[in-house]
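Common to both upcoming complexes is subunit A, partnered first by subunit B, then by subunit C.
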Partner chain A sequence: MINNVSSNIKNISKVTYKEKPFEYWGPTPAEARKAVVNKPHGLRDKRTTMKEAVDRHIKDGMNLCIGGFVNTRVPTAIIHEIVRKGVKDLTISIQSMSICCELLAGAMILDPDRVSIRRVELAWWGYEIIGIAPLFRHLVTNGIIEVDDYTNYGMSVRFKAASMGIPFVPIRDHGGSDMELVNRGKMIECPFTKENVYIVPSCIPDVALINSTMADKFGNARLFGALCTDPEMATAANHVIMTTEKVIPSEAIRTYPNLTEIPYAAVDCLVEQPFASHPGAVYGNYWFDMDHIRMFRNAGEEFRKTGSKEALQKYYDEYVFGVADHNEFLEKIGFRTLQKLRDWDGHQPVIAY
Partner chain B sequence: MPEYTDMDMIAYTGSRVLEDDKIVFVGTGLPIIAAMHAQLTHAPNLYMIYEAGSLAPILDMGMPLSVGDTRAARKACFLKGLCSAFELTQRGYADYAFIGGAQIDMYGNICSTMEGTDYDKPSIRFPGSGGAGAMAANCEKTIAIMALEKRRFVEKVDFVTSIGYGDGSPDYRRNAGVAGSGPYRVITNRAVFGYDEATRRMKLLEIKPGLSPKDIQELVSFELIIPPDVKEMVEPREEDLHLMREVIDKEGYFLKKKVQK
Partner chain C sequence: MHEETKNGHGGSSVDKRMSLKDAVSRFIIDGDALYYGGFQTMVPMAITHEMIRQRKKDLSVFCTTTDVGGLDLLVSAGCVREMHLAWSMNWFARGSHGIRRAFQQEALKRYDLSNFAATSALMAGFFGIPFMAVRGNIGTDLVKYNQQDLRVIDDPFTGEKITLVRSWRADVGIIHAQRADPAGNIVSWGTRSSPDEFGAMGSKRGVIVTVEEIVAPEVVRSDPDRTLIPFYKTLAVVHCPWGAHPSACMGYYGQDIRFCEYQGEYQRNERLLHHFFEKWVDGCPDHEAYLQKYVQQFGTESLERLKPKRGFRPVLDVHYTYHDPAVWLDIPPFADEYIGGQE
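Our next item is the complex of A and B:
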């Protein structure tokens, strides 16, 4: 970004890039404020079906935020339904993600008239120990999608800024790296210390997809294990589609209100769905299914290396298009595998009342 | 001396660098092995922080295979989310960052975003910064773990993902607005590097027994500072290998990996 305050990054940078005139990649802070004011704020039963939730809220051209972190508490069940419905021209906002982003990328590679990604604001997209994300690499190195790079803190705090209703936030990273040049943040002189400080624009999604450990029917949600950035994302977004592993009584919520991490008012639709993150993990419920993740990644890697879409198509035909809903998907995974994943979680303690 | 692999040496050296009564910000793999080995030997009051949000977990269910692995939250003292982990770091509670990358230069700037010259159409795209850029900015000291190869130790990195000493000028990090003091050690399978205080350039500190400073310089594209008092890397003892292989990484997820992909 052109700017008269900067670090000395230009002394060492080798990278060329397109100057981006600043714009929010989704609702502006003013639009976001209005959207929330216009939502009903009473306690209402938010429970609905996955199909209904996705039909109502997923629209072409929107900024879609994917909750969880890498493969923890990711909203796989909602992503599958979005692929079945189809959505075009998406902006995706995440911190770090594996299979959920690759599922959208794969759907785009198979049929760009059904699913398409225009751009992604992110910190990281990969499979960690299993390897790089082949479909992300394909889309970026071929210039098919636009990226805007931040750190994990940068993305998380951008959601936090949105959740606070402020337009930007000052932070102590990105400066002096090439991200200072290529992303939409900006170096300024702090009006108080007179030192350089980096500011990043808030990230306001149209819709955030969240899987919670448990929630009451109104959408008051508890999260166990790492919170990731779910609480910030939920109140950053204009709307939230939430799956929950278990619906719990509202008396439980009112008995221990400190345990509520996402308040009901932020949640538009609630779908009770056990194993909603599979093949991702949910603390206290199940560990991640590395074999399944590897199988899907292999299909993507085959496409990247050979150009053949056969394995990818087969995966989607079997696990996404070949099933009506997530329960049918889980039937394909099979009881024995799911039971094993439950055991591997090690019964991490959660509070269900 | 017992037989050990490159991975054993890197993890063991990582452990030696860590001091007691500190907090180390870890990712997956070798940094966790290094931190756990340190906890079980010379640094019993050293704790880990994970970017998904856990502080001081007890990893009694095995090695986390992912930074978001639910096992990394096991029996933690404090468990929130990414904002909390990085804000504790920004505030000064994280003493060490352990990060890796595809390329590093003489001032400790690291690339893990892309190769090529065009950001909008790179020749290779890596996953991206993840937590690394924020860790290098705001942990007090940055420890890099890299394979010692000429294509990785480069004159200039293709993309500065994680800030080091920038162009080497004394006020680079201050003008960048970051809070941590910066690059501290680079740990490889064949050498350990530090940084010269006056020039902020990479300096050879230790080499693997049997190798000479010249052998190391040949694996690096830029000119190293080679002081007269280069030490030998300490090799892991039988009990260290036992701890790392049989207690910490029982399944061999990380120690059995080869250095080169």
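Our next item is the complex of A and C:
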């Protein structure tokens, strides 16, 4: 009943692409529905340790969604733990991301038997003003990982569609540009208007990693500053591992219910971890640690240019494998730096009661 | 068509306050598609009465769910040609009698769909996309009898059956809210029609709003979170206290159950209905006259009874202050013996 149509772009574009039969890069909508229905939905204390959360939910071959936006409210602490544990054959789904994805990519370059990424569905992967991501560049130009490329709005609505439980959503961009050729969306004829419209499949991760500004022990989370598509990601994923800067009493959640951005039912594990986004920023808590980000990027850049893994290995040995948990990592960063980052945030307003 | 349409909706300094009569006669044209706002609260009753007074014709209506019988009165008065909605009732009259009669006499085309599909249709209109996929409706007669709004297709990705609902974009939206500034930044809170945001933002020409209070723009800006509709989407702001009566408006009044029952008896009995119109609609030049008549007949205590007595007012002291990026202007890149700044 519905016609697959195509615009002229395939004849015009110089982009090389491969046409492949469609598949979901993670759970199908039907599988996701089943998984979410079977999840316990009662109010229960979700607090646990980082190790246990990662052990329980991170599995080889899964679709892993990394929350936050580039360097803002990113789940660095969970990524460190995942690298320490090791996971293979990952599909990564992100909106826009820098250090968290690069940490996984770096671990893959150092030891593909510990961490490996198979493919990534994304809008953007890079360091914003500092520069493009060297490790991503290495992986893509050498054809080591597969990329499914959408616009920023495209990724946001794909998560939104998944959180609404629908299999696809029409969108007014991608169509008529090279973007049609580099992702799994389709041009169809609208059954109502008979006009061409581009549809993108919903993006359903197995697990989403989210850092929240604060949450109660059940996982009702408040986010301040930019939301970074986190509410959509959390409700799109089958499971959510959440770190939070601060656990607050449930009475506070009930007093101002309108501030809850992620409901408890979406959350599986909650880990209280201050500075969980370092070297990223969390509005109202701390600012970006640009020195640290730049240091890690320089190590990656050195590998890309010279092929030497020395600086990269040194970084991981010191900051990831050389520490048992995120608190030890923060000790290496040092109190003075952390205090400075808190000051640079300017004590932006958050509501913690 | 309208000056407002030609020139966009003006800047934020354009004063859009006007009388209900002017707003309805200037912005609602016979044959328009209307987004009918409200749910079981916030029903735009004052605008409904004014449309009946002006005998608007051939309207088509998009609505998710509506209580207290406002839409039913509009249909009974012969203003509506076609309606797309999920649910309509005056709960205390146990049915939408006017809509039923019009439908049986084939004076009204009626397109039915589920609540969620109706909300999705408005959401698609708001997003500016031609349709939205929904689960549900599938396997029911809703799809069979409403091919206008619903289609079942094979999912182009998986081949499974899925329902599509077309997007709804009205010409004009009509809603009621607590507050607005003169430029039309509409402030609302509490339980209200969740689709009002979608329906109003998706309307092509804009929205007519009746409000309990007009406030200064500074008041709106002081708590930006609660702005439901921004000024550029607003055509007219009508100061109209009790504009949702007999439905409820959070913070101002509750639902007038006895009046709903009273009005419902007229709606149930076709031969009595013209008395209701003569007395409460055409017999009142405006909403103020309607209220005066109400107080005359039922006493001020009937209005007093509706005033909210429970609940709370937030005491939260919120600071909308932010970090000034200008502090970075004179700060050189940080460096040490390893890091030499930007390469």
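The definition used in the following text is that the second predicted complex is superposed on the first by the 348 of 353 C-alpha atoms of A that agree within 3 Å, B and C clash if a C-alpha of one lies under 4 Å from a C-alpha of the other, contacts with A are read in each partner's own complex, and residues count from 1 in each chain.
Please note the rule applied: a residue touches a chain if its C-beta (ideal position, glycine included) is under 8 Å from a C-beta of that chain, and two chains touch if they have at least 3 such contacts.
Since we're looking at a predicted model, the values are computed, not measured.
After overlaying the two complexes on the shared chain, residue contacts for A:Tyr256 are found with subunit C alone; subunit B is out of touch.
Of the two partner chains placed by superposition, only subunit C is touched by A:Pro201; subunit B is not. In the superposition on chain A, A:Ala226 makes contact with subunit B only, not with subunit C.
When the two complexes are overlaid on their common chain A, residue A:Pro191 makes contact with subunit C while staying clear of subunit B. Looking at the shared chain after the overlay, A:Trp125 reaches subunit B, while subunit C stays out of its contact range. Looking at the shared chain after the overlay, A:Ser7 reaches subunit B, while subunit C stays out of its contact range. Contact with subunit B, but none with subunit C, is seen for A:Tyr17 once the two complexes are overlaid on the shared chain.
Contacts of A:Gly154 after superposition on the shared chain: subunit B is touched, whereas subunit C is not.
Between subunit B and subunit C, it is B that contacts the larger number of residues in subunit A. Using the contact criterion defined above for the overlaid structures, shared-chain residue A:Ile166 touches subunit C, although it does not reach subunit B. Once the two complexes are overlaid on chain A, the subunit A residues touched by subunit B in the first and by subunit C in the second are 157, 171-172, 195, 197, 290, 345-346, 348. By the touch criterion stated above, subunit A contacts subunit B in their complex at residues 7-9, 11-18, 68-72, 95-96, 122-126, 128-129, 132-133, 136-137, 140-143, 146, 149-154, 156-157, 160, 171-180, 182, 187, 195-198, 225-232, 281-284, 287-288, 290, 345-346, 348.
On the side of subunit B, the complex with subunit A involves touching residues 28-29, 50-54, 61, 65-74, 79-84, 86-87, 89-90, 105, 107, 109, 113-114, 117-134, 137-138, 156-163, 166-167, 169, 172-179, 253.
Taken in their complex, subunit A has these residues touching subunit C: 1-2, 4, 22, 24, 28-30, 130, 157, 161, 165-172, 184, 186, 188, 190-193, 195, 197, 199, 201, 256, 258, 290-291, 294-295, 298, 301, 344-346, 348-349, 351.
By the touch criterion given at the top, residues 124, 127-135, 151-158, 160, 162, 164, 166, 225, 314, 316, 318-324, 334, 338-339, 342-343 of subunit C touch subunit A in their complex.
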